[in-house]
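Look at the two complexes coming up: chain A is in both, with chain B in one and chain C in the other.
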Partner chain A sequence: MSQFLQVLLSGLATGAVYALVAIGFTLVWQAAQTVNFAQGEFVMVPAFFVLIGMHWLGLSFWISLLFGLVVSIVLLGLVFKKLIVEPILPHGGITLIIATMALGILLKESAKEFYGAEAQPFPALFPGDPINLFGAAVSLRDLLNLGISLGVVVLLTLFLNRTRTGRCMQATAQNPGVAEILGVDVKRMVLYTFLINAALAALASFLITPVYLAKFSNGETLGLIAFIAAIVGGFNQIRGALVGGLLIGVLDNLTATYVTAQYRAALPLVLLIAIILVRPQGLVGTSEGRAV
Partner chain B sequence: MRGLSLHRSWRLLLIVALLAAAILLPLGQKNYFIYVLTSWLIFTIAAMGLNLTLGYAGQISLAQASFMALGAYTTALMTLAGWHWLVSLPVGLTLCFVVGLVLGYPALRVKGHFLAFVTLAFNTLVFLVLRNEEWLTGGTYGLSGMPRPEFGSFSTDKQLPFYYFTLGVTVLAALGLWAIVRSPWGRAFKALRENPIRAESLGVDTRRFTLLAFAIGSAYGGLAGALVTPLVQFIEPGSFGLAHSLRILLMVVVGGAGYFFGPFIGAAVVILLPEVLRFTEGYYLIIYSALVIVMLVFVPSGLIGIFGKLRARFWPRRQVRADMAEGARLP
Partner chain C sequence: MKRHRNRFSVDWEDKVGRSKNYSGLLLAALIALPVGSVSAQTANTVKLGMVGELSGAGAPSGTNWRDGARLAVTEVNAAGGILGKKVEMPEYDTQTDPQVSRALVQKAIDEGVVAIIGTVYSGSTLVNMLVAKQNSIPQFVGSEAPTIVERGNPFVYRTSSGAQKGVPALTPYFKDTLKAKKVGVAWVNNEFGRGGRNVFIAEMKKAGIDVIIDVPSEQAQTDYAADVAKLKSANPDAVFVYMNQEESARFLIEAKKQTLPMPLVGEVTLTEAKVIELAGPAAEGAIAHVGVTATATEVPGIAAFAKSFEETFKRKPTHDAIKGYVGVWSTKYVMDMVGKTDGEAFSKKMKGLCLKVADHPKILLDTCWDDRGEMSRPSFMVQVKGGSPVVIGAVPAN
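Moving on, here comes the complex of A and B:
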């Protein structure tokens, strides 16, 4: 029982981080019809920005985190939108998807060539000491990762629902034409979406890299899991991606512990096919806008 | 090189000239050169199949390397067990076709780019099976020592005969695809790409045609795999990872998705570019992916599209239907 609780909690902790990535992916998909296949690399890269800040620029760890966040928002948000999405989107959705795949290769190979092919240690934000919770040994890091991720999701939801800018962003995602007529600065709102996505990816990167180490190939699995989380949850709303992320985190841990560690990476495929067959609009999604 | 662009007899002449070049080029060359040419042909076949899925049916598949793996391992296991290559080939192709149907059926039930996600996850699964099921696939050590096929007195053991054998298979595969694209069936694919809604309203069952395009395209991947086994005579899971699926996808896009000859050009670029950019050492993939992004910004229809743009500039012709130009783009 205590082992189960342990597995469940660390699953929730990783799942919450997956959810951050999935939420960013969903937001960009909704607001700019951009299926970002480089999303996994967007999570891999910010950790390297932090390492650059620490080892090349000689900044302290916390300043480097801030540096990594800002560089990520500029490069993965602003530059990504201006240089890749804006010129390619008019050529069609598939062309843009392929461009993001090429971008993924570009980021991955750049990290490998300019920083190194070996996994780089990444300092932990919090101590990983286990603490005792209902008889289960849980790491403080897992609890804090879960807390921070959920906190950010709550803040983001409040921002989107309670502030004027947030509502304008939602309007843009739902119907850009009407939003524009009503005086919403659609272009600016789409840009905000990209910036938020980059910030979420950077945050996820900082939370998950201490566990996985900074490695150029981290993006492959992370990206796949984020896509599946967004689809499984149903990508109409943020809570869909949240549910999807948590579910995959927990199921992944349970499969690895109780069923098979060798085939844990097959879980996303199974989940994906099951959800498409049974409930294509996702677990908490509404079927509206997703014609079967 | 689409239907309207070149006069028919000119095009035929061009094809005959290219074929003659393909026959004469390797004569008197080193083995390595012939090997590179052979792998160009094999990747062209894989890219032709993916071109059917991407360029004609407008769906992204990220599992073409996995289908190559299915074809390659089937051929390897059967030829190692003493069967002739010609017997193993239909088994591998059927396997890929059926797996394509099984994967595509759920993914194409819903709108959106679900096939891309399903095939992405499938690629991971195939890699895992190849690596973990050592009793069958040899695990990370892979399989080796597969014999090359013999046809009567024509043995493909030497590099040059094997090249001609591959060239023959490529020509047959291209003719097969040509027949598919030109058949009423293929015209349905084309209608689908130009305007899916109109196609559907004219009675084209888009879902079924897309599914078939994907399954046939996957079988072409299997064919390429069946040729990889006798070429390298050593296969291991690492040769069929996601990076390779992406590589084939970019071949199609770089050559020009939806153009019949796009895959030949795309595969040539992807096979030859590492040789040309050798002086850049590790930075080759960085340069290549950056070039692809730049190309997608300016000429989304690929290298054939650049050719078309240049020709339209210096040798303008009467435009029959402006809306047909749209079809040259990716849908």
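Moving on, here comes the complex of A and C:
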């Protein structure tokens, strides 16, 4: 029982971080009707901004986190939208998808060139002291990671549903033409979406890098799993990304513990195929009509 | 007239012919000029091809291997080079991809190297050593999978003992020091990990110790929660951890997070400087058998190497750095003994060769190679204490 609890909580903690990254996919999809295949690298890079703050600028860890967050929001939110999304989007979603793939490669290779190919240690945000929970030694860090991730998702959902700006963002996502007629500043709403995506990616980076270690290749797996999580949960729903992320995190750990460790990497793909066959819109997603 | 014409014709043909000859000579001279200068250049240099994992999952090993080799090349050149010629060492990045490593070994040989220094990852070495063998080029490798010296390749030589020699050195530690009755194994599912795991299980069987849990993991795996939970649940007396550096660090972090209570014992990598740097306090208490360690400063050669490496690269050397260093120096010693760069002669000399520190100080420890290229030399048991690996015992050569 204690082993099950241990594995379940670890899976939830990791899955919550997957969910943060998956929400990014959902947000960008809603704002620009495209898939950001550099999303994994968006999670890899902020950790290096923090390391630059600590090792190059001599800032303390917590100030470096703030520095990393601000730089991430500017570069991965504002600059990404202005320099890549805005000029390329009029040429079609596919073009933009390819551009994000190229951006992902650029970010990965830049991190390798600038900071080396070796993994770097990254300080933990919280102490790793274990606490006893129903007989299982559960890491306080895992619980806090889980709590923060879920808290952010709840706050984001409240922001989108309960505030005027949030509702304007939703209106923009649903129909930008009508939203503009109704007086919504569509460009600003889209910008907000990209800034929120960058902030979420930075948060995911700060939570997961102490365990994953800061390495240029971290985005590959993370981006893929989060993409699958977003599809499994429902690409057009934030709560879908949350469900998908948590589900993959938990199933991955349970499979590795009770079934097979060798094929754990295949599980998300099997899940993806099953969901696409049975419920193409995802577990909690909604069907979208396609204009032809 | 005819004769005159003929004479004229002959003269003309003679002149033209001579002119042609002059043109040919000129052309030959023009072609020969750069070739000659290249020949003169190659005649004064000896090229060693450093083929290593400079990026990808093996980068921590490969970059240290390269830096150790670089330091050795600098020292070898300061000591007069190889056969009195300056040593050059072009570097080739395998990206930790076996197929790329194979292509790069071929490229290095095409570019005129007389020996290959690398690779470190066993999966790569098993693929690329065939190329060096086909070209009769000596190859010093940092790989430790048993299979490397079991393929009858007379041109491949280790720079540290293989797992089939290193892992058995741990048996007395499990049996007599830890007095373990049941143990677990956590290993990375690649050529290196599989080789070590198989030898360990066979050794434990011989020693009458039960292996009650066997946990494989994938290369570049990031989440070890399930692996550690399984080990914790099985509750062995000790766990043998056999993974590459980054994986070892992530495993140790998770083990500390889940308060894994039993001793964690590894072979070589578990107490490497890079692992300690990455795992931080989580590495505290980890134990490993290491073929050679930069912390064995009671050995004068190792102390001098560690000092020089730290001054040059501003960081502590790892086990892989020492292996790269030994690889280059071994090449120099053996080529100087043979008196030429011929691979076949080199291979003959290596069979059963022993290099003593008294005569060859940069070999660091008295070292022998058997007929298969397997290495034998004294080794150490170390434990991480206060953030550094500390020697807790010596193991005689086996």
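What we mean here is this: the second predicted complex is superposed on the first by the 287 of 292 C-alpha atoms of A that agree within 3 Å, B and C clash if a C-alpha of one lies under 4 Å from a C-alpha of the other, contacts with A are read in each partner's own complex, and residues count from 1 in each chain.
In this section, a contact is a pair of C-beta atoms (placed from the backbone, for glycine too) under 8 Å apart; a residue touches a chain by one contact, two chains touch by 3 or more.
These figures come from a predicted structure and were not determined experimentally.
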item: Partner chain in contact with A:265 - chain B first, chain C second, else both or neither; value: both
item: Touched partner set for A:102, first chain B, second chain C, both or neither; value: first
item: Which of chain B and chain C A:81 touches, first, second, both or neither; value: neither
item: Which of chain B and chain C A:276 touches, first, second, both or neither; value: first
item: Touching partner for A:110 - first (chain B), second (chain C), both, neither; value: first
item: Overlap of chain C and chain B interfaces on chain A (superposed complexes); value: 112, 262, 265
item: Complex interface listing, chain B residues touching chain A; value: 54, 58, 60, 106-107, 109-114, 116-118, 120-122, 124-125, 128, 132, 242-243, 246, 249-250, 253, 282-283, 285-286, 289-290, 292-293, 296-297, 300, 329-331
item: Complex contacts: residues of chain C adjacent to chain A; value: 54-57, 59-60, 63, 189, 215-218, 220, 222-223, 225-227, 229-230, 232-233, 246, 249-250, 253-254, 256-259, 274, 277-280, 282
item: Contact set on chain A toward chain B in their complex; value: 35, 37, 84, 87-88, 91-95, 97-99, 101-103, 105-106, 109-110, 112-113, 220, 224, 227-228, 231, 262-263, 265-266, 268-269, 272-273, 276-277, 280, 290-292
item: Chain A to chain C touching residues, read off their complex; value: 2-3, 6-7, 10-11, 14, 112, 116-121, 128, 130, 137, 139, 141-142, 210-213, 215, 217-218, 221, 252-254, 256-257, 261-262, 264-265
